[in-house]
Amino acid sequence: MSRDKGLMRTIIASKRMQSFLGDPSGMVGGVILFAFFFAALFAPYLAPTDPYDLTTVDLANFLLEPSWMDQGVSAFPLGTDDQGRGILSTILYGLRTSLIVSVSVVTISSLVGIILGMLGAYYGGILDAFIMRTADTVFSFSTTLLAVLLLGVFESRGLFTVIIAICIADWVKYARTIRGSVLEIKEFPYVTAARSSGAGDFRILFRHILPNALPPIFVLMAVDMAVVIMLEATLSFLGVGVPLTEPSLGMMIAIGKNYIYAGMWWMVVFPGITLIGMVVGINLFADWLREELNPKL
Amino acid sequence: MKNRTLKTLTLLTAMVLPVSAMAKADLVIATDAPPKAMNPHAYSSDANLSYMSNFFDGLLQRKAPEGKLGPALAEKWQRVDALTWKFELRKGVKYHNGNDFNAADVKFTFERMKDPKYSKLLNIANSIASIETPDDYTVIFKTKKPVPWFAETMHQNFIVDKESTEKIDDGEYNTRAMGTGAYKFVEWIKGSYIRMTANEDYWEGAPKYKNVDILPITEESTRFAALAGKQVDIVNGVPVTLFDRVKAMPHVEIISQAARRAIYMGIGNTVGTPFEDIRVRQAIAHAINEKEIIEKIMRGQATMANQIPDVPTVGYDASIKRLDYDPVKSKQLLADAGYPDGFEITIAGPNDRYVNDEKICEAVAKYLAKVGLKVKLDVKPKSIFFDELTSNKYHFYLIGWFDGSFDFGRSAEKLLHTPDKDKGMGTYNGAAYSNSEIDSLLIASSSIIDRAEREKALQEINKKSVADVAWIPLHYQQDIFAVVKGKGIKYQPRSDRWIVAKEIK
Amino acid sequence: MTTYLAKRLLQGVIVLILVSMVCFAMFRFTGDPVVMLAGKDATYEEREQIRVAYGLDRPVYAQYFSFLKGAMQGDFGRSYVSQIDALDTILERFPATFELAVTAMCISFVLGVGLGVIVSISPNGVISRMIMAGSLVGISIPTFLIGILLVMFFSVYLDILPSFGRGDTVQIGFWRTGLLTLSGWQHILLPALTLSGYQLAVLIRLTRAGMRETLSEEYIKTAWAKGLSPAKVILKHALRNVMIPVVTIAGLSFGELIAFSIVTETIFQWPGMGNLLLTSIFETDQPIIVTYIMLAAFIILSINILVDLLYALLNPRIRYE
């Protein structure tokens, strides 16, 4: 047990180190993040064409260059892919998938992780041992590896399966983080005082302990958003993520990859820039949040 | 310390040198599919058989380009009666290990092919009732029922050496190949290459190229990169998407020839589904713009198909026409059938089996949406797709087919006959299309021995299947090969896509 | 110490067994491998024959127990697809993956710690700012995109580096290496850079943070005051302290490294284990998948135990009771 604490401390210590990192360029990150959310939310209104309305997509428009180049057409500002879908429109719809997946995963796994981690830390004993052994194992496999393996073995693939598979691998981060905080906080004088004044477990956990344990979770959630977005793209790129019928940045790049030797760079470069831009935005924001909340882990 | 480092280095160099001094290959071929096992009976896929054709011989062989059946390990063959086939074997042939080839090996081979542990060529092996070897160079097969295409499969039933195969069959029967073929197996570095060297004592004469490497490269763009980087001499399966690029390479000659495989949409007529009505099936056929598919998705590298069998197949009928692209008529037919607002339809298909398979499915989805159907797309890896297909989970799906035996009857038994587990019929009739008239014609045709008569019967079945829209033929694939110029390589691709290195001059 | 080690090992074995059970439970949801194996000419009856020959007609628990029994003796069964021993099939690919991973780790370690130190010495310099901006992009770009962009630039646009395969390899005993030929080094460069990308960025940030904290501590100030050379102060005193979290994180992210090697190997057609896994997934080759997962779990668990020991070595204050 004591060894485990030591290990945790090290990671925590390194996180504290990390917390000194970011320049407060959080505003830039926030603006980028907001822009992407906005674009995703209003994709149906912003996109010049609907790339997933089968009745309007026309094969005749396939592999068009971006509109400023010789073969470009103004209806497709960033060109089209091999099915005649506009790249710009597909990116906008792909952003939605990215954000739906990441927001769902972060919400579900943080809830599950917080509850399990908190219960384990508060009650200790077999429950704690079981939860933490599971978490350790899952953690050492890494989210990415586990998600690839789960989805690879799973036959049916869809948005829902992707979310579930990532969640199965992802909740442990939250459980481990919150557990560390709770173990520390539950020995604080005000908590012991509350307990001796007869407050119930539920009340102590949610009124006294949780609020103080949350700041590091917020930072983790922000970082995790970025991680999940990259993960979804990776899974879809490998062909074990969202199916062909759903828009995804990773899938777009996978399709575009076949055309890079033909000099058709736009199918990879634009979704790639979008992906990097979005994740950089989130990471800048996360850095800022870390400075701001300065979670005392 | 220093001394030891020096010693180690010298030792390493000594180990390295002889290996790197080994001759570079005289000919490097890139293909689109890796071999799965070095066991000639392990797979019936053309990809695996293609590799095996270099290490082994069949009783007969097919030569490029048209694939006419000719003698190989057997010099003469004849169908004695409906059930009996007689093969007279070539004398003086030796295996790579020095053993003599004789009738006992043939008998052993076909018995081994019956064992599912070693063989997936069960079909032909199980049709054999008995094998007699009156002398060392005569083999007489008796089949359980008439199998008109028995000899037609003899180019792919590779003969193995009885003695050595029995020895390895308990252990590593899948890692090395040893037969009578024009090339000897050298090494198989999985994921990288297969290396082989010429069999100087080959009964047909030694092949031209001594050391040959075959590189399986599954990724399309990587195959292109290998060709562009001049790392390969011949490429089998030039990616359609990069066709124009390859064509523009000054150092490369492109050979594009009609492939045997037809790509078609399978469709059912199950009672209680919209597909029961022939007008619905016709409407779907009229909605598909195959010309555009060939132009845009296949980049012109496909020819339109009016029927499933290709020209050289027994049962092909030149008079069959396809239903034209006509969305207006399609909508009209749907309205007539009682579906003016369309209905929900799922298009199933594999995404890693045929050239641009999932892209064709996507295109078909668009055409059907444009005539008012509510389309869902369900493309998945072939491992799952074929599992679901054979359990009749689909109503409408994309599939490709060609029959190595050049006989439409054999295909139709699997694709067209009502699924029937006991009779072993309709295995790949994914939407369970059922037409009792076609079924009985098919059964009747299998006992016709006279070739002309049989052809007529099969043409009749073919015509009926297209008229009833039992399937919607799309196109025949085009096989695209690239050969590097200036090295004096003379290569005539085969219609079955096998790379038989001894044919490269 | 010994008891602790024994406990960890026992835990590891339990985890391995659980992992294998989960795998078998999951396989009920995958496609039927028999259809693919049997090929297009097979009838229903022949398919069932193959099912029996491969033992796939038995209930899942029976299949599982015979797997477990074999696994105890090091026999993980044969690949459905090639009928070659599953463990051999994977281990044959091990050198390729190992060389790629080690090269990538060397790159990320040397560059990561090196750049991190540079940044912490002059935090406000132009170079430092550029490095930090680069590391931000580095943690924000998925591995597969690094790979594709590198191919686009170095293989397609500049046309100076190969984009697939291992190049010329040399067989030494059971080990096939690509590191003894020029072409081998040319071929490993892009994949190794791709694989190192993420860890490199993380290590820069980690080293910088660690150095910043350590450099402000008393004993470092004392060391400066004693007039020790900067190299000695930084390398011997400060860096040693920073190494603890660096080693821990590097060890703990080993699973990540394996996962990213799947991605990298797929992009570069690197004939390693990750490439094999993805192919096997699409071919429903269950024995290969299980064996791969077991092997990955085994390696990860071993590395974790190793990191713990190393950790005790670096930080003498920790003692395992």
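The letters A, B and C name the chains in turn, as written, and every chain counts its residues from 1.
Going forward, contacts are C-beta pairs under 8 Å (C-beta built on N, C-alpha and C of every residue); 3 or more make two chains touch, one makes a residue touch a chain.
Every value quoted in this text rests on a predicted model; they were computed, and no experiment measured them.
Student: For which chain is the distance between its Cα centroid and the global protein Cα centroid smallest?
Tutor: So the chain sitting closest to the middle is C.
Student: Between A-B and B-C, which chain pair shares more contacting C-beta pairs?
Tutor: Here the pair linked by more C-beta pairs in contact is B-C.
Student: Using CA atom averages as chain centres, what separation in Å is found between chain A and chain C?
Tutor: The mean C-alpha positions of chain A and chain C differ by 22 Å.
Student: Where the CA atoms of chain A average out and where those of chain B average out, how many Å apart are those spots?
Tutor: 44
Student: Based only on mean CA positions, could you tell me how far chain B sits from chain C in angstrom?
Tutor: Roughly 37 Å, centre to centre.
Student: Can you list the residues of chain A that touch 2 or more other chains?
Tutor: In chain A, residues 155, 239, 257, 260-261, 263 touch at least two other chains, as defined above.
Student: Going by the touch rule set out above, which residues of chain C reach two or more other chains?
Tutor: 30-31, 282
Student: Please set out, as single numbers or ranges, the residues of chain B touching at least two other chains.
Tutor: Only 225, 381, 384 qualify.
Student: What part of chain A is in contact with chain B in the complex they form?
Tutor: Result: residues 53-55, 57-60, 62, 82-83, 155, 157, 239, 243-245, 257-263 of chain A touch chain B.
Student: In their shared complex, at which residues does chain C touch chain A?
Tutor: Spelled out, the residues of chain C in touch with chain A are 4, 11, 15, 18, 23, 26-27, 29-31, 132, 136-137, 139-145, 148-149, 151-152, 156, 205-206, 208-210, 212-213, 244-245, 248-249, 252-256, 258-260, 262-263, 266-267, 277-278, 281-282, 289, 293, 296-297, 300-301, 304, 308, 311, 318, 320-321.
Student: Residues of chain B touching chain C in their complex?
Tutor: Touch list, chain B to chain C: 12, 15-16, 19-20, 36-37, 39, 42-45, 115-117, 120-124, 126, 172-175, 189-192, 217-219, 222, 225-226, 229, 352, 381-384, 386-388, 390, 401, 414, 421, 424-425, 427-428.
Student: List the residues on chain A that touch chain C in their complex, please.
Tutor: Residue list for chain A touching chain C: 2-3, 6-7, 10-11, 13-14, 17-21, 23, 133, 137, 139-142, 144-146, 148-150, 152-156, 226, 230-231, 233-234, 237-240, 250, 253, 257, 260-261, 263, 265, 268, 272, 275-276, 279-280, 282-284.
Student: Quick one: in the complex, what on chain C touches chain B?
Tutor: Against chain B, chain C makes touches at 30-33, 35-46, 49-50, 52-54, 81-84, 89, 92-93, 96, 155, 162-166, 168-172, 176, 180-181, 269, 271-272, 275-276, 282-284.
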